[in-house]
Each structure stands twice: as C-alpha cells, then as structure tokens.
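Structures for review follow.
Across the two complexes that follow, chain A remains constant while its partner is chain B and subsequently chain C.
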Partner chain A sequence: MEARDITDKCLDIWRDPYGFARGLKERGERPLAYFCSYAPEEIMHAAGFTPVRLMGATRNIASADAHLQAYCCAVARTDLDMALEGELDWLEGAVFVQTCDTMMRLSDIWRLNTSFPFHGDISLPVRMGEPVSLDYMREELASFRRSLEAYRGAPIAREDLERSIETYNRNRRLAGEVYRLRRERPEVLGGLEGTACVVAGLWMRKEEHNSLLEELLEGLDASDASDAAGGAGGDPLTPLFAAGSVCTTPDLFELARELRADIVDDDFCCGHRYIEGQVEPEGDDPLERIAERLSGRINCPAKHSAAEERTAYLAERVRACGAAGLVLFLQDFCEPWLFEVPFLKERLRDEGIPVLVLESDLQSFSRGQLRTRLQAFLETIRGV
Partner chain B sequence: MGDGEKADKAEKERRRIKSTEAMRELMTRYYVDAKTAGERGVKVAWITSGGPVEPLWCFDVIPVYPENHGAMCGAAHMAVELAEKAEERGFSRDICSYARCDFGSAYTGGGPIGGLPRPDFLVCCNNICNTVVKWYEELARYFQVPLFIFDTPFVRGGLKEHAAAYVLRQMEEYFAFLEGATGKEMDEARFLEVAARSLEAISLWKDILSCAENVPSPMTCFDAFILMAPVVTLRGTEGVISFYRGLLEEMRRRVEEGIAIIPGERLRLLWDNIPIWYEMRNLGRLFMEERACLVADTYTNAWTFDRVDVSRPMESLAEAYASVYLNIDLESMLEQVVALAGRFKVDGMIMHSNRSCKPYSLGQFDLARMFTERTGLPALIIEADHTDSRVYDRSDVETRIRHFLDLLA
Partner chain C sequence: MNSVVGLDIGSRTIAMVEVRGGEIAFQEVRDTTHEPLQQCLELLQGREPELLVATGYGRHLARANFAHEVVTEIKAFALGCHFFFPECRTILDIGGQDTKAISVGPGGGVEDFQMNDRCAAGTGKFLEIMAMALGLRLHEFGELAMRTPSSQKISSMCTVFAESEVTGLIARNVPREEIARGLHEAVCDRSMALLKRVGIRREVVFAGGVAKNPCLRALLEERLGMRVLVPPEPQVVGALGAALSAL
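After this line comes the complex of A and B, so read on.
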C-alpha cells in the first residue's frame, strides 16, 4: 500500500472503530475491550485475545441513562449505551482498570447489566510511579492474569507473554517513529494522518498494526514533501500541541488542518501516553516489568503527581516540538483534568505558551462551535 | 400566651435534643483551638473526612476538615458565594462543590468562621473518592505545604492481601512523614491510647445511631448529620467520649420516655448520600409535616468500623480505613443498605443523587433497583448537590418526595 492509502485506511478506522472491530470477530479473533491506557494489554494479548479500546462514540443515549447520571463523562455513558443496546455483541468481555471514580463505578454497573462472558477488574493505585505502590501493582497484574487464565481454562505461557511484550514494545517503537516524523517533518506526515495511524492500532491485533506502520514508514522514507501523506504544501501550518484524555473522533485534528494548523505532538492517552516507555525486554518477572512501565509513564491526571510535575512536563514537550500553543481537549465532567486547568493555564501562560481549553461533548457534538473557538485561538496566536 | 400555645412550646422543648448545646460548645472550643494553634506553636493539618486522624492526635497536631467546613458553609448558605470565588479563578462548575467552596474560602477567608486556619501540611486519603487527591494537590500548590497521600485501593469482594500490605506500608510511611513534619518521635503507647479512644468514640456513636431503631425514633438522621461532627473531627480525644456518653444517655432516656423526634411518626425512611446541607431546614419541615422520620442513613454510618482489632491497631486501622462504605463494590454496598433497612424497620429509601459526588451517586439507579428486589421496599432518587444550591430545584424535589410518601402511606 502507498503511504496515502495507509493513512486513509487508518482515518476510516478512527471514524468507525467499532464497525471495524466487529470484523475482527468475524475473522476469528477474540476481541476483549478495555477503556484505559493503563490496561496491561500484553497480558490480554498473550492470553490469545485482541485488546480493543472503547473510547465513546458520538451518539444519543438510549439505554444508559437508566444506569448512569448525566453528570459523568460521555465516554462512560456512550460506551455503556453501546453495550446495553447490544452493539458490542462481538466482544468477549471488558477489562476495567480503575482510572477514576466514574470508571470504578462503571465496572459494577457494566457487570450487573450486561452478559459478556468475561469481566476483568484491576484496581490501580493512585500513587502511580512511587516505589511504595509497585509491589501492589505487580500483584494486581498477577491477580488479573489468574482471572484471565481461569476464564480461558489454561495458563498463559511465559514464552507467550514475552512474545507479546516484544510485539507491544515493537509497536511503541514504531509509533514513536511516526511521532518523530510528525514532529520533525510535518511536510511529510501531518498530525492528523500520523495520529490516525497510531490510533487505528487500538482496534487491531498489534502484529498486523506493526506491519502497517513498517510499510507506512518505508513509504514515507522514500517520499518527498510533494507526494507525502498529509503534507499540506504551501505556507507552513501553525504548529500546535494538544493534550487531554481521548479523542473519540479525528475532528479536532481535521479542524486544525482546515484552519491551517497542525497538531505536531500530543499528550493524549490514546496518543503519546499510550506509546510512552517500554517494558524491559529482559528480566525474571514479566509482570513486574509491565508494572514498571505503567508506573514509569507520566501519570494520567486521575493519578497523583507532585505539585508542578505535569505543568513542567507539558511546558517542556510544547517547547521541544516548537508548538505555538497548547490545546487542552477535555471530556465533559472529567474532574481529574478540570482540577488541573486553572494552574496549568496560569503557569503555561507565564511561560509564554498560549492555552485553549475545549470540552468534548459526544452527545450534542458541535463541530461548528469547536471550529469557531479554535479559529479565534489561532488568530490570537498569529496576531491577526 | 394561651394554654394551648404553652403546651405546644413545652412539648417542643421536651422533644428538642439537649446535647446539641454541648456539641456546639465542643465544636466552638475546637475551632478556637485550631484557629489559635499557630500562636501556641501547635501544628495544623488539613485532612479528608475518611482519613486516619489518630496518628495526628498522637503527634499533637490539630486536624482540620475542609469537608466539614464545606458542610458548615452549605448549611449557613454561604457556599455559593465561596464557590463563585473559585469559579472566577477558572475552576469548572463541574468539579465537587465542597472543593470549590474550600478554595473560595482559602482565597478570601470567607465563610461562617472566617475561613480555616492555614495548614502546616496536608493528609489526603482517597477512601471516600479520588476527587480529594486532585483537591489536595491544588491545596498543596496554593499553600506550598507538604502533602501526604494515603492511598486505599478500591475493594471488590474483600480486601486482598497485597492491598492490605500496601495500606499498612503507607501507614508506616505516614508515621515517618509525621515525624519529619513535627520533629517529634512516634510514641507507641500514646498511639495505642489515641486509637483506643477513637474506637470508643466510634463505638459510642454506633450505639447512639442504634437508638433510632426504636419505634418511634428518638432522632432523625438529619440530627445525626449535625451530631456526627465530633466523631469526624475529634475522634481520638477525651472530650468527644464524654460528649457522646452524654448524648447516648439522652437518647436512651428519650427511648424510655417514648419521646419521638417526629410526633405521630407514621413512616420510617432510610437516607442515602451526603445531606443537602443548604436544604436541611426545609426538608426537615417537610418530613415533620408528613410525619416521616429519616431513621438511618448510609453517611453517618461510615464512621462505624466494626472490624477493628485492638491487638493489632496499626494493621487493623489501616484495613478499616481501606474498607469504608464508599470504597467497596455495589453488591457490598447493597448488603449494608439492606441490613440498615432491616435493623431500622424502614418503609422505603430516599437517595440523594449528588452532582458533586460520583463514587456515592453513580450506581444509585442499580442500587435502588436491587434494593427493591431484595426488600420489596420502594426507593426514590432525588437530584441535588451537597452544597451548590444553584442546581437544586426545590419545588420539583419536594413534590416528588410528597408523592413518594403518599405512595408509602
């Protein structure tokens, strides 16, 4: 496939991920859902499942309102709604990592009201990244591994787990290459296309995704700016950095492009936080190594970080990629992020980084409103 | 004053809970102590309502509770103007209103007691929610003081061994943190004393709540919401024990003399979730008119640890703190709610769907359904917020409650 065909295919998947994932089951794979980038996919993968991410959908709620109040995020509400409406019948089950209070309660609500064969729970520590929580993390992963083994009726072999770790490490390395290209040669690979190629992997078996990324990177190596995937040509685009939890749709990236800007790097949990760090390839205890990678990442805001850690981290990454501003793209009612907003905004502005806060609303999704706000922000940055 | 009026007044006085005055004195003394701590060289720590407070008393640190303060601000109808101060600084109206109110008070010194005394350090335990982690991170940034996080992972089924080990390790860290923060050494004998006093206070509190099992009930849970302040803030001290002994005596006397808090009690109800602080008076009046008594609730029972083993105080306190009502799965919550309904002989349950509290509120629809399936008793869910009265629709809520009570009668 040409690079352009690959990026088109990935964008299509991002536009209709669950339609695509349904196909996995038809092809004989065993899709197992997860919601959070802290899910230990290597273990799920080694057990023979294809981990697939549920990250909401733009839709009206039909059944979930009878179980979840309207004051929690639309990701939780629309995911539950799809399950209750029978639209996720291709799933073998779901794995809940206790990211935040909403996910913690959603797990019980999901288990009580659906009838998927498998249900997994992992209770993450809130002191992620501190040595005191590492043993606990490791044991939670071990307990999760046992529940998967009991469900499939066979232990997960050590070689299989090591092979899955290798596959996922390879995936993160390749995705890292995509990110590097997107930052360094935006004329060859745009933010929209680059992100799409990484995000599409959330609904693919990673072996297949690895081949796809290799093909993409080879294709791009050979290409120059004129025939590149998403290289916009003409005037350079205004570089932006974006952060938040998930981008359910590619709209934010598309709008940036329409407005002659490019999101050259990000801190999304379906983006950079997902591919950050590697599991140590060698060592005695694979679970401990997986726990170490999860702990070593920059924490999701739902976890505890030292006072200025996230601000310093974001400021550094924004500067490193040369972005002219930061867009915080948040889920509605997402307390962990909303608590950080005033401090982040103030501190980054002190450092000369303009910040725009946008809230995603999957139920009454208004592309026009997002566009207007992004346009006004870009005009301020460009001094128009 | 006519004879009828006089009799009315005497009857009202007979029904009034007299210990409320002693509590007001106790709490006033506590707040005066806390606010003048700095002058006396005594350290102040802000701590979450579910946090382990015993170690603080053991190190002579005065614990201060922003949540309790939030409740006071709500009851005094001052929460909204404080929350607005936080909103002006960019905090979304979608974050917990206790937190917004607390930030507003910290910025302005506003509120019924002129704000809380400045903390020397912060202690945050997430057994009640994870909101407090973010809230206390912001406080740590604002006050530039150290923050200790006591992490209690969510419990499904029972507390797992590795989770118990994790919380115990943090209990040890907590003591080391306090040694650093106060420059004092941990005194084991002192700790045992404080822990024993804390358990005694909790056990007295449990006995007091149990008095409401009597028909008619000598108190409502709205009284308990007020009377719980000492067990939340002062458990571990001597004063709280003598106060609760007096209160228990009064409750037992009321039971003996048949003094009902709601004259002509005809319905008994269970309350779920944090009170709607700014609406206590109006709702109290409504329930009085309807002769419905809220005899028990899931909120004040949160401080009734029954598994604490004094022979291993540190482990057992750590485990008790990890397994509180809000940190367990829905089925385990259901067991507790069903048990309360049986013990207190209730006719139904009213659940406050609290916009500010996701761990308490998400799952209530399923809990209500399971509760009815198990007990045959109906449940009503009302929408509100514990301190932000701007989201509260009084006429709608009151109409729904009256309909519900008609249905029960």
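After this line comes the complex of A and C, so read on.
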C-alpha cells in the first residue's frame, strides 16, 4: 500500500472503529475490550485475545441512562449503551482498570447487566509512580493473569508473554517514529494522519498494526515529496499541542487542519500516553517489568501526582515540539481532568504558553462551537 | 481601501456594516430566517465593496459563496467595541444563542475569551422564549422587569426547565414583573460568572442584541459596581468589527 492509502485506511477505522473491530471476530480473532491505557494489553495478547479499546461513540443514548447518571462522562455512557443495545456482541469480554470513580462503578454495572463470557478487574494503586506501590501493582497484574488463565483453561506460557512484550515494545517504538515524523516533518505526515495511524492500532492485533506502521514509515522514507501522506503541504500551519483524555473521533484534528493549524504532538491517553515508555525486554519477572512501565509513565489525572508535575511535563513537551499553544480537549464531566484545569491553565500561562480549554460531549457534539473557539484561539496566538 | 463590508451572520439576525474612510457609511440589521444566504444577498444588493468580511455562525457559509475573508465573532466584537470605546478592556456580548466574555488589550486585540456551553441557556433566545411565556413582546419584557425592585428567584437556566418554572409561578399568581425581574437576574448571574472567568477590567462594554435590554444593563451595572458602556447600535458591533479587521 502507498503511504496515502495507509493513512486513509486508518482514518476510516478511527471514524468507525467498532464496525472495523466487529470484523476481527469474523476473522477468527477473540476481541477483548478495555477502556483505559493502564490495561496490561501484553497479558491479554499473550493469552490469545485481541485487546480492543472502547472509547465511546457519537450517538444518542437509548438504554444506558437507566444505569448511569447524566453527570457521568459520555465515554462511559455511550460504551455501556452500545453493550446494552447488543452492538458489542462480537466481544468476548471486557477488562476494567479502576481509575476514575465512573470507571470503577461502570465495571459493576457492566458485570450485572451484560452477559459477556469474561469480566476482568484490575485495581490501580492511588499513588502510581512511586516505588512503594510497585509490589501492589505487580500483584494486581498477577491476579488478573490468573483470572485470564482460569477463563481460558490453560496457563499463559512465559515465552508467549515475552513474545507479546516484544510485539508491544515494537509497536510503541514504531508509533514513536510516527510521532517523531509528525513533529519534525509535518509537510510529509500531518497531525491528523499521523495520529490516525497510531489510533487505528487500538482496534487491531498489534502484529498487523506493526506491519502497517512499518510499511507507512518505509513509504514515507522513500518519498520526499510534500503531501506524501496527506501532510500539510502549502503554507506552514500553526503548530499546536493537544492534551486530554481520549479523542473518540478525529474532529479536533480535522478542525485544526481546516483552520490552518496542525496538532504536532499530544498528551492523550489514546495517543502519546498510550505509547510512552517501554517494558524492559529482559529480566526475571515479566509482570514486574510491565508494572514498572505502567508506573513510570506520566500519571493519568485520575491518579495522584504532585501539582507541579503535570505543568512541568506539559510545558517541556510543548516547548520541545515548538507548538504555539496548548489545547486541553476534555470530555464533559471528566472530573479528574477538569479538577486540574484551573491550576494547569494558570500555571501554563505563567510559563508563557497560551492555553485553550475545549469541552466535548459526544452526545451533543457541536462542531460549529468548537470551530469558533479554536479559530478565536488561533487568531489570538497568531496576533492577526 | 475605499469600501469594506462586514457581515455578521448570527443565529437570530444578520447585521451588515459598510465602512468607508474608516467611518460607518451604512448599516442594516434583519432577521436571519431559514434562508440566511438569501438575506445576505438582498442586503448586499447594489453594494460593491472592495472587500467583504464575514463573521458569526454563518461565516463559513458566506465564505463558500461570496465573502473574501472570515473572522470569528470574538475578534470582530473586540475590534468593534474598541472602535466605539478605545478604553474598553472587557466585553460582554449576549447574542441570539451565545454569550461571550472577552478580555481586550489596549489595541483592541483579544487577550482571553470565554463562551457559554453549547445550549442557549441565558442568551437572547432564552429571554425571547421567557417573554413569550409571560405574554410579552421582547421590548416590553425588560421595561416591565424594571418596574419592581423585588424579584422571584428563578433557579433553572435551561430554557425548557425555566419555562416550566415560569408556568408554575404564573399559576401561583406571582406578579409578572417579579417573574420578569427574576429571569433577568438569572441571566445576569450567568453572565457575571463568564466575566469573572476572563477577569473584569474597566471599561466594560455590553454589546450584542441583548444589550438593548435596559433591565439587564442596569442589573449588570449594579452587580459590577461600575458603569457599563453600550455602543449606539449594539447589534452591528460584530459586523463593524469584521469590516475593521480588513483595514
């Protein structure tokens, strides 16, 4: 495939992920859902499942409101709605990593109201990233491994787990290359297309995604023509950095492009946070190594971290990619993020970084209002 | 540049301003209707501007058809208010379906802004529907609310819920002017929250169609503890700013 064909394919998957993931079962794979980038996919993969991410959908809610209050985020509500409406019948089960309050309660509601064969729970330590919580994290992973082994009726072999770690490390390395290209050569690979190529991997087996990314990178290396993969081309675009939880749809990236801007780097948990860090390839205990990677990443705001830590982290990354401003793209009612916003916004502005906060609700998504806010922000930072 | 036309295509009205030699040469406001494009073409009939700049929700529709450039309402209001009041540092714009608080620099540039959430709670459309629920025309609504110092507390800002609340108050025989005052106070509270988020600095300018409402203007002044400046024709400020952005 040409690079352009690959980015088009990935954009199509991002626009209709569950339509694509449904096909996995038809091809003989065993899709197992997860909701959060702390899910230990390597263990699920080694057990023979294809981990797939559920991160909401733009839809009206038919059944979920009987179980989840309107003040829960639309990601949780629309995921549950799809399950209750029987639209996820291709899944073998779901794995809940207990991060925010909504996700913790969603696990119970899901277990009691759906009938998928497998249900997994993993509790995370509140203080992620501190050595004192590593043993606890490792034990949680061990317990999850045992529940998967009991379900499939066979132990997960050490060599299978090592192979999965290698596959996922390779995936993160390749995705990291895509991110580097998107930052350094936006004329060849735009933010929209680059992100699509990484995000599409959330709904396919990583071996397949790795081949796709390798083909993409080879294709882009071979071509120095601008617009090789739907990059910006033409006039330089205003570089932006975006952060938040998930981008369920490509709208934010498409809007930025329409307004002559490009999101050159991000801190989304379906983006850079998902590919950050590597599992040590060698060592005695694979679970401990997986736990170390998950703990070593920048924390999700649902987990405790020192107030200054995220400011410093984001400020450094915004500067490193040369972005002219930071867009915080948040889900309505995402308390962990929204709780941090006033402080973050103030501190980042102190650092001289222009910040725009955009809230999105999947149920009443208003592209017009998002466009006005983003365009006004761009007018401000361009000073025109 | 000889003639520049600014068009502000809002959800309720379309405003057009022609600027010649840095001054307003012509202005007109009409309803948007369900055919905004047609309304724009009628407004533009007989005019041959060198440049046409569109703003408002319909700006991209205009760009696709006849406008040369587009700017956001936020930038347009900043420039428009600065034209009338160069000392303006904070703007409250309440339009048909949007409320915006804008912080402005000394040259009329936008420093920060806040917009209401997606729904039209507390905007012009809200006031229009509430006036209708009380059997009043829009211009009577604000005047009636000013006739009483006492108000009935309205707790819902959602247009649908507030309408139910008003119906309940009418059924309890609460005087209409007290309900009207309560509704205005609720809109004022909401606007104050947005203003506080961008920071309130003198001078404060109140623009957009709702700035014509005398009660809201008086309530804002009372709440802010300072005078509020209102442009001579607050509905055309966006269109004027759009035109000025090209100069």
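FYI, the second predicted complex is superposed on the first by the 382 of 384 C-alpha atoms of A that agree within 3 Å, B and C clash if a C-alpha of one lies under 4 Å from a C-alpha of the other, contacts with A are read in each partner's own complex, and residues count from 1 in each chain.
Throughout what follows, contacts are C-beta pairs under 8 Å (C-beta built on N, C-alpha and C of every residue); 3 or more make two chains touch, one makes a residue touch a chain.
What you see is a predicted model, and the numbers here were worked out from it, not measured in a lab.
K.L.:
Looking at the combined model built on chain A, do chain B and chain C fit side by side or clash?
P.N.:
Overlaying the two structures gives chain B and chain C room side by side.
K.L.:
Going by the contact rule set out at the top, does A:Gln369 touch chain B (first), chain C (second), both, or neither?
P.N.:
The second partner, chain C, only.
K.L.:
Using the superposition on chain A described above, determine whether A:Glu139 touches chain B (first), chain C (second), both, or neither.
P.N.:
In the superposition, A:Glu139 touches chain B alone.
K.L.:
Quick check for you: in the superposed arrangement, does A:His304 touch first (chain B), second (chain C), both or neither?
P.N.:
The first partner, chain B, only.
K.L.:
Pick one for A:Thr102: touches chain B only (first), chain C only (second), both, or neither.
P.N.:
So A:Thr102 only meets chain B here.
K.L.:
I want to verify the contact counts: of chain B and chain C, which reaches more residues of chain A?
P.N.:
Looking at chain B versus chain C, the one contacting more residues of chain A is B.
K.L.:
Please provide the least distance in Å between a C-alpha atom of chain B and a C-alpha atom of chain C in the combined superposition.
P.N.:
Nearest C-alpha atoms of the two chains are 5 Å apart.
K.L.:
On chain A, which stretch or stretches are contacted by chain B in one complex as well as by chain C in the other?
P.N.:
The answer is that chain A has no such residue.
K.L.:
Which chain A residues qualify as touching chain B in the complex?
P.N.:
66-69, 71-72, 98, 100-102, 104-106, 108-109, 112-113, 121, 123-127, 132-133, 135-136, 139-140, 143, 301-305, 307-308, 332-333, 335-336, 338-343, 345-346
K.L.:
Provide the residue numbers of chain B that touch chain A in the complex, in ascending order.
P.N.:
89-92, 94-96, 99, 126, 129-131, 133-135, 137-138, 140-141, 147, 149, 151, 153-156, 160, 162-163, 165-166, 169-170, 173, 329-331, 353, 355, 358-359, 361-366, 370, 383
K.L.:
Could you list, by residue number, the parts of chain A that touch chain C in their complex?
P.N.:
It comes out as residues 359, 361, 364, 366, 368-369, 371-373, 375-376, 379-380, 383.
K.L.:
Please name which positions on chain C make contact with chain A in the complex.
P.N.:
Interface residues on the chain C side: 57, 60, 71-75, 109-113, 115, 117-119.
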